[in-house]
Amino acid sequence: MTAQLAAHSTSLAAYSTSTGEAFQFWVLGTVAVIGALCTVFMKKSVHSALCLAGTMIILAVFYLANGAYFLGIVQVVVYTGAIMMLFLFVVMLVGVTAADSLTETIKGQRWLALLCGLGFGILLCAGIGNASLNEFNGLAQANAGGNVEGLATLIFTKYVFAFEITGALLITAAVGAMVLTHRERTERAKTQREMAEERVRKNVQLPPLPAPGVYARHNAVDIPGLLPDGTPSELTVIKTLRDRGQIRDVSDEALKDLKALEQRSGERLGRGDRAEEAAK
Amino acid sequence: MNPVNYLYLAALLFTIGATGVLIRRNAIVVFMCIELMLNACNLAFVTFSRMHGNLDGQIIAFFTMVVAAAEVVVGLAIIVSLFRSRHSASVDDASLMKL
Amino acid sequence: MENLIALLVAAPLLGAAVLLCGGRRLDAVGHWIGTALASASFVIGAILFADMLGKDEEHRAVGQHLFSWIPVEGFQADIGFQLDQLSMTFVLLITGVGSLIHVYSIGYMEHDERRRRFFGYLNLFLAAMLLLVLADNYLLLYVGWEGVGLASYLLIGFWQHKPSAATAAKKAFLVNRVGDMGLSIAIMLMFTTFGTFAFGPVLEATGETGEGKLTAIGLMLLLAACGKSAQVPLQSWLGDAMEGPTPVSALIHAATMVTAGVYLIVRSGEIFNAAPDAQLVTTVVGAVTLLFGAIVGCAKDDIKKALAGSTMSQIGYMILAAGLGPIGYVFAIMHLVTHGFFKAGLFLGAGSVMHGMNDEVDMRKYGGLRKYMPVTFVTFGLGYLAIIGFPGLSGFFSKDKIIEAAFAKGGTEGWILGGVALLGAAITAFYMTRVMLMTFFGEERWRNQPTPSPAESDVEPAAEHRGTHAEPHPHESPKSMTIPMIVLAFGSVFAGGFFGIGDRFLHWLEPVTEHAHGHSPLSATTVTLSTMVVLVIGVGLAYLQYGRRPVPVVAPRGSLLTRAARRDLLQDDFNHVVLVRGGEHLTRSLVYVDHTLVDGVVNGTAASMGGLSGRLRKLQNGYARSYAVSMFGGAAILIAATLLMRAV
Amino acid sequence: MSFPLLTATAALPAIGAIATAAVPAARRTAAKWLALLVSLATLALAVVVLVRFDPDGDRYQLTESHSWIKDFGVRYELGVDGIAVALIALTALLIPFVILAGWHDADPLETHSSRWRPTQGFFALILAVEAMVIISFEATDVFLFYIFFEAMLIPLYFLIGGFGDRAHAGSDEHAAAQRSYAAVKFLLYNLVGGLIMLAAVIGLYVVAGNFSLQEIAEARANGSLDMATNTERWLFLGFFFAFAVKAPLWPLHTWLPNAMGEATAPVAVLITAVVDKVGTFAMLRFCLGLFPEASKWATPAILVLATISIIYGALLAVGQRDIKRLVAYASISHFGFIIMGIFAMTSQGQSGATLYMVNHGISTAALMLVAGFLISRRGSRLIADYGGVQKVAPVLAGTFLIGSLATLSLPGLAPFVSEFLVLVGTFSRYPAIGIIATFGIVLAALYTLVLYQRTMTGPVRPEVSAMPDLRVRELAVIAPLIALLIFLGVYPKPLTDIVNPAVKQTMSDVQKKDPQPEVEAVK
């Protein structure tokens, strides 16, 4: 295609273009407009992005047709290839399935927007029509030494400062994007041990809540479970019974049993004195 | 065909893009519309370049692309962080400018 | 010799400055300084008088130009003095009576802790009054005019802690200001008419302008005189001014300041001569006040207020005489001088009585005092005889001449004015006899009066804390008080004769004021005889009323006229209702208008701006897209504008 | 080139302001002394200006001229005529008293932190106002004048809003609200006036092509600059409006009572005695100088407004309950006299108006500062809260009385001279207006004496029974002012000598002659 287009370049100096280019313009132009409209009116952002990518590729073709070979390629590679992919990534990140509602929430916004758009478009076209733009010099001369070379000459001579500054701008933008999206951890992640220690320090509910029946001597629903220290936990009885006060407290016996058990095991292990100390 | 038609096309695309900016609420789509407007401008620049027979228009278009790239990077980053904090990419949600 | 004129003013002015700025360390000697400087002024006056007598009539008027006061393009006001016979008369009266009253005050104010200040104010008054009579132009006269007003204000309100005194002082100043307005308008008229306001040029040029202008000037001068001399309709302040210490009443509100109006009219004689309408109004004012004051004087039980009514009435005589033109000027001034003697004497006597009676002022609580204060009785009695015009005493000569001159005015006017003057003489005899009888004769009504009278407010002036509130012990006053009374009594007896016999005073003053002999329809003897007759009638009526019958301690309700006269013939009530109330309503409504309307318009604008911006704020809904639409619309408009501009 | 005396006179207080502001927080006494010294040095410079000024010399003297904004022909042009010299002297004279009187007005309260530095700010702002006022009097370039005319609003805004009267009836919040209301009102009124003036200034540039007062006046006089009648009138109205707000003239006056009521007494003096004079001064210099025909055209309306001001201000003063507001309304009445004198277009009227500016400055300062001392003792501005002060503080009462007497223009005190000149000047051209204005002097007696009676006389109220008499510092403020009042009342010649030639010039600007007295006219 490039070659075909390059052949056209000789005729670019003319007032009007070749029929081929005209044909290409009307077909692809229509598609481009449709693509643009779809970009605006598609409900899903993925679809919008794809339509936009299509429009951009068509624009790349038009660049080539206008003798801007370098830009045409860059349009495809950088714009469509890199930037639009970036868009798609973000769309994925935000949620590809999410469909936007197109109903307008700001009163009169849509009508105003359409009115302004229409007016703006008409005025712009009127302006273009009004301007005497019939003289077309064509790029044959400018592109004589090759389009890329021509551009390079300009960029590195006349526009070298702008070029350098845009370089700086790009770097700044990259850094800025990093800063914006990067979330700094303000503190070190806690280890499991630290979390456990914290719970002990707070002393709210050290172990997980006991299930009914744990440590129970009875498995009736109206008997509370016992906490490790032997006290009954009313939380283990269902609320209805608790409200009615139908809780059978068996903790005294249980505590007694527990004490006897501890004493016995203590004697056996020879830790009597320590138990005494604890008793004090 | 008169190459001026390219300019009309550019104007049309620009207007469509602008209207899109105004009526869409999804920040990403709004952003895409902006890209569309930039592209329309680029088309116009390229056409002007052809009209005048020099490459300056193309240079401007080139710079536009670079700046657009930078803008996209920063803009998308903003959208991402907005989305993170608000769980929404709607531009209407960020209406803190209201008194 | 002319250079001494300034010293006349400077001496008391220096006294005022020293005493008022001197601070407490001068408390012990302040009254001596004040008296000394007042007397110094008198001595200078006497020297100048002697000098003046030594010259021919034509060269007696001298002047002293000090410096240019307000030099502005087309407007020359100078500080300059003029001493002619008229001024000389006043200078001697002012400094003479003034010095006597200074002496009197030493005793009278002995116990007042602010005595130094009192003497400062008195000196200030002397300076201002001398400035008034010595000025050689109206503007400087105006300075003195307001200066005496200020001194009067300060002295009436000397016992400022008494609200009544403070109010009276303010009232005096305000009413005087209305008169002052007349004087300032008169000066402005002179300026636009004559281009100057110095006495000489103005009075010489009266022939060169129309009568209308002169009438206007004359009426404005009369307004000023009414304010200062307490003439109807601006008389209301004088009665209240008796709130001041008695020496003040004697000096300022009897002998000197209140006569400034007469001076002004006599000084401006040429203007009045050329404006018969103004003269007529002057005589009417004088006649009305004459009766007004006399009637008020009959009804008052407060001895000072009765005397104040008398003062008003007597000045009415003078104004009447001054209004008569050249036939009356000399007699106006002559009565002024004799009145200065006897009225000051009467006031000092009244002060002496009050001094001995625990500052009681209600004559119904006096009675039979002649035994306890013989000197006061005699001097007061001589003053009394002088004022009613007892043959041979001062008042006889001066008042008689005025009545004669009134008749000499001619025509119906002459008869009316003369009749009024005669009637006034009768009433004068009546009320003065009433005062005399109630105070010095009859039973001792002050006995068994342990409670203080309601006239004495609970806040007593420090100076008047002399006795307890128990029964008063009438006693004679100290020498410093009686001597001035004796001197003044001497004047009351002999001044009239001295002036009147052989027309001495007339010849003295004639070069300044001119004099014309009127053609009276009645002979001088007839007038004198009728005066005698009305005198006897007045005295007789008073004797029947107050001498034969006991005087009730509590005032009877009295007739309608009596009650009205007690209230100053309702003039104060009129003032209160129309001016005070009306003014209060006016200011209050203006304050309201200022707040709601004038301010309201501005605040309303602000509020509507606020409302508008409140609406506009809603456009700022915070939606970026909404803002983008306006930007986009703006861009479209810009394009349209560009296209339009290019198309045009 | 000679020493730029005028610049120095204005620059000294400006530098002083910066220096004062820079004094550290702890050394606030040093700041006070510094401010006082600077103001005294400025006074010394003003005296030098006064001495160097030759009344019989050129119209504008001690001129300085430098190019400033070339593109618009804006120049830094200074010069003084007799009127300006008198007013500069007044300003320089009053500021030390204002500073001395406000010695403790901006001391930080105990509740403030130690780093709080209101004192420095207060005195720096006062000096800043002084600098701007002085340069406004000196500027002969319209644009330069405009800048400082407007800029002085900024320090004043802070002085009113930031340093209110501590004697306030309401709570602290209420006081603060009132204060900021007063400050904003002051600012808005004057800004609106200034805005309209700016439009007129620009209009003048469009018409005349430069901003130089002298050049424009000359061009107008020799006919090379011809303004259409309507243009001239509109421009005149634009200028006059701003000055009438500042002056203030009825019905643009309502900001003054608020501002003076809420500000501390020294600041109130600064506003009414100094700053407002810029308004009347500018009427004389700019309105009459630049637009003589339009001035004559507007005279009847302005005289009517001035007369309304006189009577209305006095009547409202009678109706006030607040001492400071009373003085404010009295000032409105007095400004009516000044404006009347200016537009009467007679030598007496204009000389009188100029003297009035000076005398009113001194007399209001005397009355207001004593009132301030009184208020600071009792902590209330309401007249009804006082009574019998005379008994406990006789010196205070005496000075208050003299201030009151000066306000009612008692002969022998300075204001009488000027008031009478204004009245005579007006009367000789417009007798009816002169007579109506004369009623103002009766009303003046009413409001001042009622004020004196209610506050100073009568039985001693318990709240004032322990009131101390004037202190040495306060006496040092009042005594010179009173001495000056008396001196200028008896011997105003030094002042009239300076003012007369300038008035003559102004009269020739408007091409008016004094009406001739009837008798001489006959001759």
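Letters are used for the chains, namely A, B, C and D, taken in the order the chains are written, and counting of residues starts over at 1 for each.
As a working rule, a contact is a pair of C-beta atoms (placed from the backbone, for glycine too) under 8 Å apart; a residue touches a chain by one contact, two chains touch by 3 or more.
Please read all numbers here as calculations on a predicted model, not as lab measurements.
Q: In terms of Cα-based centroids, which chain occupies the most central position?
A: Answer by centroid distance: D.
Q: Using the average of all C-alpha atoms in each chain as its centre, how far is it in Å between chain A and chain C?
A: Those two chain centres are 99 Å apart.
Q: Distance from the CA centroid of chain B to that of chain C, rounded to the nearest Å?
A: A distance of 95 Å separates the two centres.
Q: From the C-alpha centre of chain C to that of chain D, how far is it in Å?
A: 37
Q: Chain A to chain D: how many Å between their CA centres?
A: Each chain's C-alpha centroid was found; their separation is 68 Å.
Q: Among the residues of chain A, which are close enough to touch at least two other chains?
A: Where chain A meets two or more other chains at a single residue, that happens at 106, 109, 112-113, 116-117, 120, 124.
Q: Quick check on chain B: which residues sit in contact with 2+ other chains?
A: 18, 22-23, 25, 92, in rising order.
Q: Do you know which chain D residues sit against two or more other chains?
A: Residues of chain D never touch two or more of the other chains.
Q: Can you give me every chain pair that touches, using the contact definition above?
A: A-B, A-C, B-C, C-D
Q: Touching chain B in the complex: which residues of chain C?
A: 617, 620-625, 627-629, 632
Q: Which residues of chain B touch chain A once you look at their complex with the stated criterion?
A: Residue positions touching the partner: 1-9, 11-20, 22-26, 28-29, 31-33, 35-36, 39, 42-43, 46-47, 49-56, 58-59, 61-63, 65-74, 76-81, 83-84, 89, 92.
Q: What part of chain A is in contact with chain B in the complex they form?
A: Contact set of chain A toward chain B: 12, 15-17, 19, 21-22, 25-26, 29, 32-33, 36-37, 39-40, 45, 48-49, 52, 55-56, 59, 62-63, 66-68, 70-71, 74-75, 78-79, 82-83, 86-87, 90-91, 93-94, 100, 102, 104-106, 109-110, 112-114, 116-118, 120-121, 124-125, 128, 133-143, 147, 150-151, 154-155, 158-159, 162-163, 166, 169-170, 172-174, 176-178, 180-181, 183.
Q: Mind listing the chain C positions that touch chain D in their complex?
A: 20, 67-75, 79, 139, 142-143, 145-147, 150, 153, 157, 160-163, 165-167, 169-170, 173-174, 177-178, 180-181, 184-185, 187-189, 191-196, 205, 208-209, 213, 459, 583, 586-588, 590-591, 594, 598-599, 601-602, 606
Q: Give every residue of chain B touching chain C within the complex, in rising order.
A: 18, 21-23, 25, 91-92, 94-99
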